[in-house]
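What follows is a pair of complexes built around subunit A, which joins subunit B in one and subunit C in the other.
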Partner chain A sequence: MAAEKMAIRPPVSEEELERAAKFLVRFYRVNEEFDPLYTMVDDPEPVARQLIQRYAEEENSVLLVAVSEGCVVGLIHGEVRHNPILRASPLGVMMELYVHPSYRRRGVAKRLIEEAAKKLREKGAKAIAAEFPHLNEIAVSFYRDLGFRPLTSVYIKELEEKVER
Partner chain B sequence: MGEKIDWYKISEKLHRFYEGKIEVILKVPAYTQKFFAVWYTPGVAGPSKILAENPDESFHLTWRWNFIAVVSDGTRVLGLGNIGPEGAYPVMEGKALLFKLLGGVDAVPLVHRAREPEKFLELLELVEPSFGGINLEDIESPKCFYILDEARKRLNIPVWHDDQQGTATVTLAGLINAAKLVGKDLKNMRIALIGAGAANIALYRLLKTYGINPRNLVVVDSKGVLHPDREDIDRLMISNRWKYQIAVETEGGWNDLRGGGIPEAMKGADAVVAASRPGPDVIKKEWVRLMEKDAIVFAEANPVPEIWPWDAKEAGAKIVATGRSDLPNQVNNSLVFPAVFRGVLDVRAKTITDTMAIAAAEELARFAEEKGIHEDYILPTMEEWEVYPRVATATALQAIAEGLARVKMSRDELYERAYNIIKSTIDKLELFYKTGLIKPVPEDVRKIIESKPEKKRGA
Partner chain C sequence: MAHASGSITIREAEKRDSEKLAEFVVRLKQVNEELDPMYMVREDLEEVAREYIEKSFDNPDVVMLVAEAGDEVVGMVRAKIVDRLFYEPRLEGLVTDIYVHPLYRRRGVAKQLLDALEKRLAEKGITLLAAEHPPNNRIAEKFFAKEGFKPLLMRVYRKIG
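Entry: the complex of A and B
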């Protein structure tokens, strides 16, 4: 089914929230591939379900699902982030995006991003950004093709465990 | 059952006796010193100057037209695993022997330490000027898929990975004739592929190109049926995109499987092709009973097939093929690679497409059909050497039809050329045997090798 016929909207039922939570876990499981700091907690499903609830309720959050024939096939979550010293503030940041494998390569992710951008703009966002693991080359080329450019680099290192008490 | 033959031991003995198995020998007269001025300095500067201007002439002024490399990093050798380049050496030298004997192709083993995919590819690019083609061999999966795909793009000579394309092509040929025997249309058959390594991933692609709907295919790997809801599906997208693609395209096959393993995949299948791990009983008798009437079972693992033929037949299989030479219907890639390379070298094809592999498979099947196919004869055997010029011709004609041939010839010209090249190798060898230029095998070994193969049940 073409992406145009797909409904992009907030999840409306318990069932849809459940499925969204499942997709959230799948999204983070992909990230686990790229860096151990993306490793999830044991039994992440209940945590994901709570997160989804928060995303759905919080004022500065946007949570949308792609629905095809009554079934959730994709998910996006973004939030509005403020930094009052910058002209571009607030920024709309997309943090989680997932599309079911059977529905990929037909523009679902692109539509999710467009709709999320609209909602973030309604909440005041002046620009939109996407966060993803540095080594995820699929994401790099995907966002580049949509006209995004690299902005922030996040470098990370583990803290050494304390020796003295 | 008689005494079991220890092939490992005999092989070691003969490898030591002959100190390897191929050598380079001249094909031009060089019996007086005058010839050195022709074949070497100063005369050779003539061809060299031409080649500096026009490198393409290397296919006419050197042996490049008939010369290929058998390349391996030794990361997945036979069933032995990652045993390194030296470990792979005798296998590659053996492959070179088969190339010469069956296809008249001059081949050298080229084992190396470039295990990193980009380094491996760089090596191929760097040595490309020496060769008319590249045969890749015994490289671990999924690295082998990337290396083959990339090498095909980057090199201007044909690159073939025999563990993928060779096995897939001969399997397709077997399926074509098996389908004929059971009176089914292969294009509408439901086929379960057990194992998702080099051979079956290549077979999947070949079957799709042949015209089979991916929904009529189901593929099982060591973790079960490939389907789009599998827990590790996104990881596969990154680590093995070939498996990922199969999961998405087949959607778990005709039964929309969202879990399960080999028995679930075999349910309702017309054919099963297992290229997984040595059996027996990787495939169980009762699972064959879940298949459609007149089931076709290809159990290709070596040395022991996933299910013994007699067990498969007892459970209702109509046609059974294995990888073994001592059982009927051997699915043997040696039927394919010498002929495919003979064909592409003769027309200087730029590459070997899947449709060329299909043309080779169809000709292989036709050859057996003309001889009279039956349950225990769906594929030619390596002894029927006339099959090689036939398959070479079919491959070359397809290359011409696809606009990939740099040299064009008629069917008759192609056949005659391939026939003559292969025949001349056979004739030369015959002479070497007769004159003792190839030393006779030690008596104790000769007795074993020349004894009739025992028809046996079980190993």
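Entry: the complex of A and C
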């Protein structure tokens, strides 16, 4: 099924939320490969269900699923982020995006982004951004092809020892 | 996995490692699945991975090593000895699977596994080490390039029928 014919909308049933939670875990499992700081907790499924519930309810959140023949095949989650000193505030930031492997290469992610961008704009976003692991080169070329440019670099290091108080 | 500190030791895989080996093979194939729809995994991936590991123990042409942190298996490498039939050198050690748990990345565990594998294969008289990975796996590509590997085989496909 072509991406144009897919429904992109918020999840409407428990079943869809459940499937979205599964996809969220799959998304984070991919990220795990890029850095130890993306390692998930031991039992991520129940946490993913709570997160999806929160994304679905929160005012500043956008959660959409791609539905093909009644089945959820992808998801996107973004939020509006405020920094009142910036003219571009609030920003719409897409933090999680996942399309099931058997539905890749037909523009589903692109449509998810377009629809999420619309929703984020409705919530006031002046620009949209995407966050993903620095080493995810597939994501880099994907977003570049869609006209995105690098904005923020996040550098990180572990805090080795506990601070004694 | 509670913590990620401590030194890493490499040893031959044993039957008691089977569950962990299968788990890592599953994780590896799931990574591949993300990289290309042609690597979509089967429904019974876990079961197949367990059989794959079991059979590997019985195959004299397979070498499997594990990386341990304390008494915990945190990485694995599996290689099989391949006969190149038409070419010299005839025998090649082919890395079919190499995986390190994400918590134990960025400290050279995969390199340690590879070095130990190289030694193990050299003892068997093998002079060529090769590895295969999906073309989209940039992490693998960079890792092997850094370890001095060069491209050797291009596999193309198209769907038919």
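Note that in this section the second predicted complex is superposed on the first by the 162 of 165 C-alpha atoms of A that agree within 3 Å, B and C clash if a C-alpha of one lies under 4 Å from a C-alpha of the other, contacts with A are read in each partner's own complex, and residues count from 1 in each chain.
What we mean here is this: a contact is a pair of C-beta atoms (placed from the backbone, for glycine too) under 8 Å apart; a residue touches a chain by one contact, two chains touch by 3 or more.
Treat the numbers as computed from the prediction; the structure is a model and nothing was measured.
Placing subunit B and subunit C on a common subunit A by superposition gives a clash between them.
The larger set of touched subunit A residues comes from C, when the choice is between subunit B and subunit C.
Judged by the touch definition given at the top, the superposed model places A:Ser102 against both subunit B and subunit C. In the overlay built on the shared chain, the residue A:Ala7 is in contact with neither subunit B nor subunit C.
Residue contacts after overlaying the shared chain place A:Pro36 against subunit C, while subunit B stays out of touching range. Only one of the subunit B stretches 40-48, 238-246, 364-372 or 382-390 carries C-alpha atoms that clash with subunit C in the superposed arrangement, namely 238-246. Taken together, the two structures place residues 29-30, 33, 101-102, 104, 138 of subunit A in contact with subunit B in one case and with subunit C in the other. Residues of subunit A that touch subunit C in their complex: 29-30, 32-36, 38-39, 42, 101-102, 104-105, 135, 137-138. On the side of subunit A, the complex with subunit B involves touching residues 26, 29-30, 33, 100-102, 104, 138.
Interface residues of subunit B, counted against subunit A in their complex, comprise 228-229, 233-235, 237-239, 244, 247-248, 251.
Every residue of subunit C that touches subunit A in the complex is listed here, in rising order: 1, 4, 27, 30-31, 33-35, 37, 39-40, 102-106, 136, 138-139.
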